[in-house]
Amino acid sequence: AEKPVRVAYLQNDIHHLPFWVARDMGFLARQGANVEVAGVFRSGPDIMSAFAAGALDMAYVGVAPATAAVANGTADVVVLSQSNAEGSALVVASNGRHLVKTVKDLEGKSVAIPGLSTVQDFLLKESLTKQGVRLDRVKFLVVKPPEMISALRNGDVDAFIAWEPYPAKASQMGVGRTLVSSGEMWPGHPCCVVVADAKFLASHPDQVNAVLRAHRQAVEWIGKNRDKAVDIAVKYTGMDEKTIRSAMKTVHYNPTLDADGVRRYARFLTGLGYIRIKDVDGFIGKFVRQESAAQRAGR
Amino acid sequence: MELALNGMPPGSKLLPHIYYSLARVGWGFSLAVAIGVPLGLTMGWSRRVRSCLEAPLELLRPVPPMAWIPISILWFGIGNKAAAFIIFLGAFFPVLLNTMAGVKSIDPVILDAARTLNAARRTVFFKILIPATVPSIFTGVRIGLGIGWMTLVAAEFTGVREGYGLGYMIMTARDIQRPDLIVAGMCVIGFVGIILDKGLRVVRDRCAAWQ
Amino acid sequence: MAVNVEIRGLSKTFAGSDNRSDYRALDCLDLQVRRGEFVSLLGPSGSGKSTLLRILAGLDQDYQGEILLDGASVTGRDPRVGMVFQEFALFPWRTTLENIEAGLEFAGVPKKERRRAAMEYIAAFGLSGFESCLPKELSGGMKQRVAIARTLINNPQLVLMDEPFGALDCQMRNALHAFLIKLWLVRRDTILFVTHNVDEAVFLSDRIVVFSPSPARVLRTFDIDMPHPRDRTSFEFNQMRRTILELLASSSDPLSEKPGRHVTNTQQARHEAA
Amino acid sequence: MELALNGMPPGSKLLPHIYYSLARVGWGFSLAVAIGVPLGLTMGWSRRVRSCLEAPLELLRPVPPMAWIPISILWFGIGNKAAAFIIFLGAFFPVLLNTMAGVKSIDPVILDAARTLNAARRTVFFKILIPATVPSIFTGVRIGLGIGWMTLVAAEFTGVREGYGLGYMIMTARDIQRPDLIVAGMCVIGFVGIILDKGLRVVRDRCAAWQ
Amino acid sequence: MAVNVEIRGLSKTFAGSDNRSDYRALDCLDLQVRRGEFVSLLGPSGSGKSTLLRILAGLDQDYQGEILLDGASVTGRDPRVGMVFQEFALFPWRTTLENIEAGLEFAGVPKKERRRAAMEYIAAFGLSGFESCLPKELSGGMKQRVAIARTLINNPQLVLMDEPFGALDCQMRNALHAFLIKLWLVRRDTILFVTHNVDEAVFLSDRIVVFSPSPARVLRTFDIDMPHPRDRTSFEFNQMRRTILELLASSSDPLSEKPGRHVTNTQQARHEAA
C-alpha cells in the first residue's frame, strides 16, 4: 500500500474549509486519496518550514508565505489550486472614537496587520496608496490576529486587517465593524491555495490529483450546502455559528487561481525588498501550475 | 471556570491534552537528562573535554527556546520531534550546568580519600563521582523539568499533529477569544507543573537521603 | 606488617598565581621513620606538614627528592600507604559498613568476604549497632573511628594521619588516644602522625619531630621511651610537654602576624588554588 | 551571514533592534528586581508574610510566560507594557526565590551575634539581613536576567509598537522564510545575553567581594 | 564594671519533633557567678552548656526559672550581657574595623567617636595593620581576637564565652589564654566560659563548674587559687588537671555510645530544628 499523503492546514482558518469538508464528507476517500493530517499549524511560515524539512507533501496555505518561501529558496512547492479568494476585511473600532469612514481616514492612525509581507499587508498598503495616502503617514503594527480584537478594544490600534473569522468575531463581540472587505479592495484577489511539494508532485502525480479532485468537489459542495458547511466550520474552529455565518459571507471559495494576482503580489514583495526575483514571469510559470494540474485532474 | 473539562477545541477533552503535553515534555526532558548528565559528569571530570565544549555551549545557552522554533521545524519537521527538541533545549542547560557544578563542588578530600584507598581512576568516576553528584543532578533535573514545562507552550506553538496539548488548548482558546478558558488552561499548566515537581522531590528524597 | 620510610632531600614548590609568588613549602627535607615506629610531626601552621603527608600518600607527585619504602624508591601512589584525614572524609552516601568495606570493594574482593571482614572491624572499633547509619547520623568520635577502620582494613604498612583528632572534643580525643595505642601495640604498623597538640604527641609517639616555620626543616627530634599506657599528669610527661611547648613558643609567636599571606589551613589553600 | 546589518524588515537596522529589546528587558527586569528583592527579604524574614503569599505564588510559578501573552495584552494592550510584563514574569520568580533562600541560609549565629551586640530588630534587618543576602540576591538577579532575556522573543510576539526588537526581527525573518537571518538573529541574542551576564558578574564582584 | 549573676531553678525543655520526643536539656539548675569572677563550665557534649549560655544571653526566652543580675530579675535580652561565639560569628562583609565598631554603630554612637574607640581596641588587640581586612583574610586567632574586641567594646558587665578557642590550634590557643587573662586582670568583668579543654579551664578560671551529662546538674565545683600567670607544667596545675580528668572520665565514656540520638554539636541540632 502507498504511504498516505501528508497534508497540513492552519488552525481556525475558515479559508481551509474545503479540506475539512473533503475530509468529513468522505470526498477524499471517494476519490481514492489516502490522506493523513501531518500537522495543524499556527502560521503559514511554519508550514513552509515544514515543507523545507521534508515533513509535508501537500498543504492548504496562504499564497503569501508560499511565494516568499519559494522565492527565497527555502522550500520548493508549486501552487496547484486555489482554496478561496478574498475573505479578509479591514475592521475599525465601532465606538467611533476616531471617525474612520473611509480608507483615506486612516491617515495618521495606527493599523494592525497580521505580519509584514502577508496578503493583508499588501491589500492595505495598495489600497492606501490608491487613495493617495502616503505609507509613512500610517502606523503599521504587527499583531497576531487573535490579539487584534483586544488591541482594537483597548484603543492600541484604530483599525486592523485580518482574515476571517476574526473580523466577523470582532463585530460579533461589538468591538469593531467591517469598513471594507478585501473583495472590495481587490475583487477576486488570491488568498489561500493548495500547494504540493515539487518532488512529490513529480513522483506521485496520481495521489496529488486525487486530492485535487476531492478539493474541487468540496468547493462545489460548499456552494450548494451552505448550512451544512457552516456546521463543519463550527466543529473545526469551536466558534459560534453566528460568527462563522457572517464570516463566510466574504470568503469566496473558488478553485481557480488568478495567476495575475500572484504576479502582482510577487512584484509587491520584490518592491519592498523581502524577496529578490529578476524574472517575475518565469518565476510565476514555475510556481503556479494550475493548468497542467487541472488538465491532469480532468483526464 | 472548569468548562475546560468539556474540551477546548470542543470535543477535545482535558485529559488527552494533558497526556500529549506530558508525552512531549517527557521526551524532550528525558533526552536532556540522558545527554546532560553524562556530558556534565565528563565535563566536570576532565578539564580537556570541558575546555573543548565550554565555549560553544556558552554561546548557545542564552538563545531563547522560542528563537529555535523555526530552526527546529526545519530540522525535525513538525509534530512531536520538533516540540521535544524545543523542550530539550529548555531543560538541557540547567541539567548540564548543575551536574558540572556538582562535580566541581565535590570536596577534594573525598576524592583524595578514595585514592588513598587504592581506587583506580575508573572506580573513582563510578563509585565516588557519580554518587557524590546525585544531589546536584537532582537540583538540575528539577530546574530542568520546570523550564522544560515552561517551554511547553512555545513548543506547541510550532503546530501539533494530534490536535492535543495544553499549549495548543490555550492557543485555541485565544483564537476564539475566551479569556476564561485561557486562565483555566494556565491553572491546569500550573497545577500539573506543581505535581511534577512534587514527584521529583519525592524521588530525590529517596535517592539522596544521605544529604 | 610495617615498612621503613626514608625521605631524602624532599623539596616542594607551589607555583604562584597572580597575587602570590612561588611558594617553597618543603626545602630539601631529610627524615626517616623506622619500621613499626610511631612518629609525630609537630610544627607551626603552614610549615608544610600536610604537604609532606600528601606527597607520601602519592596525592601530589610534583616534587623533587626521593622517597624510599623499605629501601626501594617510590613514585606516585603506593598501595602500601594509607591515610586518615582530619576532616574524616567519609563517603557521605555510604553507611558505616559500606564506608569500611570501600577499600576491599575497590580492590575487587567478593561481597561476602569483604562484608565479613568489615563486620570484624566494626566490632573491634565499638561500632556495632551503627552498621547501617549514614555518616551524618554519627558523632564526631564515631566518624573518626569509621575513618580509621576504613584505612586499616586495607592493611597499609605505612599509616599517615593528618591531625585526625583535631575536630574532636577533649574527652573523645583522650578516649581515641587510648584506642589508637591499643590497636597499634597489636599491629605495629609504621605511623606518621601530624598534630598541633603537644599533649597528644607526647602521649602517643615513640619519637616527636618538630618542624621549623616554613619551609619545613627538622628543628629538633625528641625520643620518648615511656611505656604505654602513659600518664598525662606524671612528672616525666609534663617535663617533655614543657620542653616542647617552650621550643614551639620560641620558634614562632602566633600573635604577632604580619599583614600579607594568611592561610588558615590547607583546605582553604587548596580551594584557592583550584 | 551578517546581512542582518542591512536590517531585517528591510531598512530596520540592527542597533535599534537591540536598543528596543534592551529597553523592554530593562523595564521588565528592573520591575522584577524592584518587587522581587524587597518581597523576598520580607518573606524570608517574616514567617507570617511568607505563609500568606507562598501558596498563590507557588501556583503561578510554573505557568509559562508565553501562556500569559493573551492575558497581558488584555490587561496592558500591545506594546512595551505588555512585553515588559511578560519579561517581568520570567525574571520575577528567580529573583524572589533566591532572595528568600538567601535570607533563610544566613548562619543563625550571625543573627545571634548581632542581637548580643544589642541590635534592634530594625537594625538586624537593615544592617545584617540585607548585606548578608546580597550574594544570593545577585545569583537570583543573574538567573532572572537570563530568563528575562530568554522570554524576550515570547514578549515581542505580542506585537511591538515601534517595529523594532530582536524577537520581532526573528519573527519577520521567519515570515519571509530566511533561515539565515533567523540564525543571525539568534546569534545576536546569544551574544547580547552573554554581554549582559558578564556585566552583572562584574557588578557582583564589586558588591560582594567579601564572599 | 561587672555584675553578680544568680541562676535559680533554671529548666529548659526542647519541644520534640516527629522522630524525637521532648528533650529536657536543663533541669532545675542553680548556679551563682560572683561579681568579677572568672568561671569555667566543663561537661560532656550535649549536657546543656550552650543552652544555658543562650538563655543568659537572652537568645532563648522559652525557659522556666529565674535569672538575677545584681539581684534584679531579668527576662529577655539584657544589654549588659555580651557573648563570644565559638564560630567567631564575625560579619563577613565587614572589615575588622567595621566589625569591631558594630556594637557602637547599633547603639547610635556617632561615626567619629566610634571609630576612635575601635582603633583603640584594634591597637590593644594587636590587630593594627589589619583594620581594613575582611574576616576571610584573617587567620583563626585574629578572627577570634576581633570577635572578642567586638564584644568588649560594648563594655558588657557579664561576658559569656562558648568554647571561644575550640577552633584554634594549640599555640594560638595558648597565646590567646595569656592575652585574655591580661585583659581580664585589668577589666575584671564577670566571665562565664564554656570549654571542653581541661587545661584551658585550669589555666584561666577562678572556679571550674563541672556539669553532669544531660540534663545538666552541677557535678562538682573546683576553686583554683593559683596566681596568674599560671604554669601549665607545675605540679599543682597537673594535680588539678588529673582530678578533673578523672571525674570527667568516670562520669561518661564517650566511646560507648548507644544508637539513637546523636547530635554532634548545638549548631547541627539548631539546624535540624529549623
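Should a chain be cited, it is by its letter among A, B, C, D and E, assigned in written order, with residues numbered from 1 in that chain.
By definition in this document, contacts are C-beta pairs under 8 Å (C-beta built on N, C-alpha and C of every residue); 3 or more make two chains touch, one makes a residue touch a chain.
Listed by chain with UniProt protein names: B, D = ABC transporter permease; C, E = ABC transporter ATP-binding protein.
Note that the structure is predicted; figures quoted are calculated from it, not measured.
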| item | value |
| --- | --- |
| If a chain touches subunit A and subunit D (ABC transporter permease) alike, it appears here | B |
| Centroid comparison with subunit D (ABC transporter permease) (C-alpha atoms), farthest chain | C |
| Chain centre separation (subunit B (ABC transporter permease), subunit C; CA means) in Å | 45 |
| Centre-of-Cα separation between subunit C and subunit A, whole angstrom | 81 |
| Rounded Å distance between subunit A and subunit E, as computed from the means of their C-alpha atoms | 82 |
| Per-residue multi-chain contacts in subunit B (ABC transporter permease), two or more chains | 69-70, 74, 157, 174 |
| Per-residue overlap in subunit C, given as positions that touch at least 2 other chains | none |
| Set of subunit A residues in contact with two or more other chains | 45, 49, 52, 146-147 |
| All touching chain pairs, where touch follows the definition stated at the start | A-B, A-D, B-C, B-D, C-E, D-E |
| Subunit E to subunit C touching residues, read off their complex | 44-45, 126, 129-130, 133, 137-142, 166, 169-172, 174-176, 179, 196-199, 232-233, 235, 238-239, 241-242, 245, 248-249, 252-259, 262, 264 |
| Contact footprint of subunit B (ABC transporter permease) on subunit C as seen in their complex | 54, 57-59, 77, 79, 81-83, 85, 87, 89-94, 102-103, 105-107, 134-136, 150-151, 154, 267, 270-271, 274 |
| Residues of subunit B (ABC transporter permease) defined as touching subunit D (ABC transporter permease) within the complex | 58-71, 74, 146, 149-154, 157, 167, 170, 173-174, 179, 182-183, 185-187, 189-194, 197 |
| Residues of subunit A that touch subunit B (ABC transporter permease) when the two form their complex | 8, 11-12, 37-42, 45-47, 49-50, 52-56, 145-147, 149, 169, 173, 235-239 |
| Residues of subunit A touching subunit D (ABC transporter permease) in the complex | 43, 45, 48-49, 52, 65, 68-69, 72, 74-75, 110, 112, 115-118, 139-144, 146-147, 150-151, 154-157, 269, 272-275 |
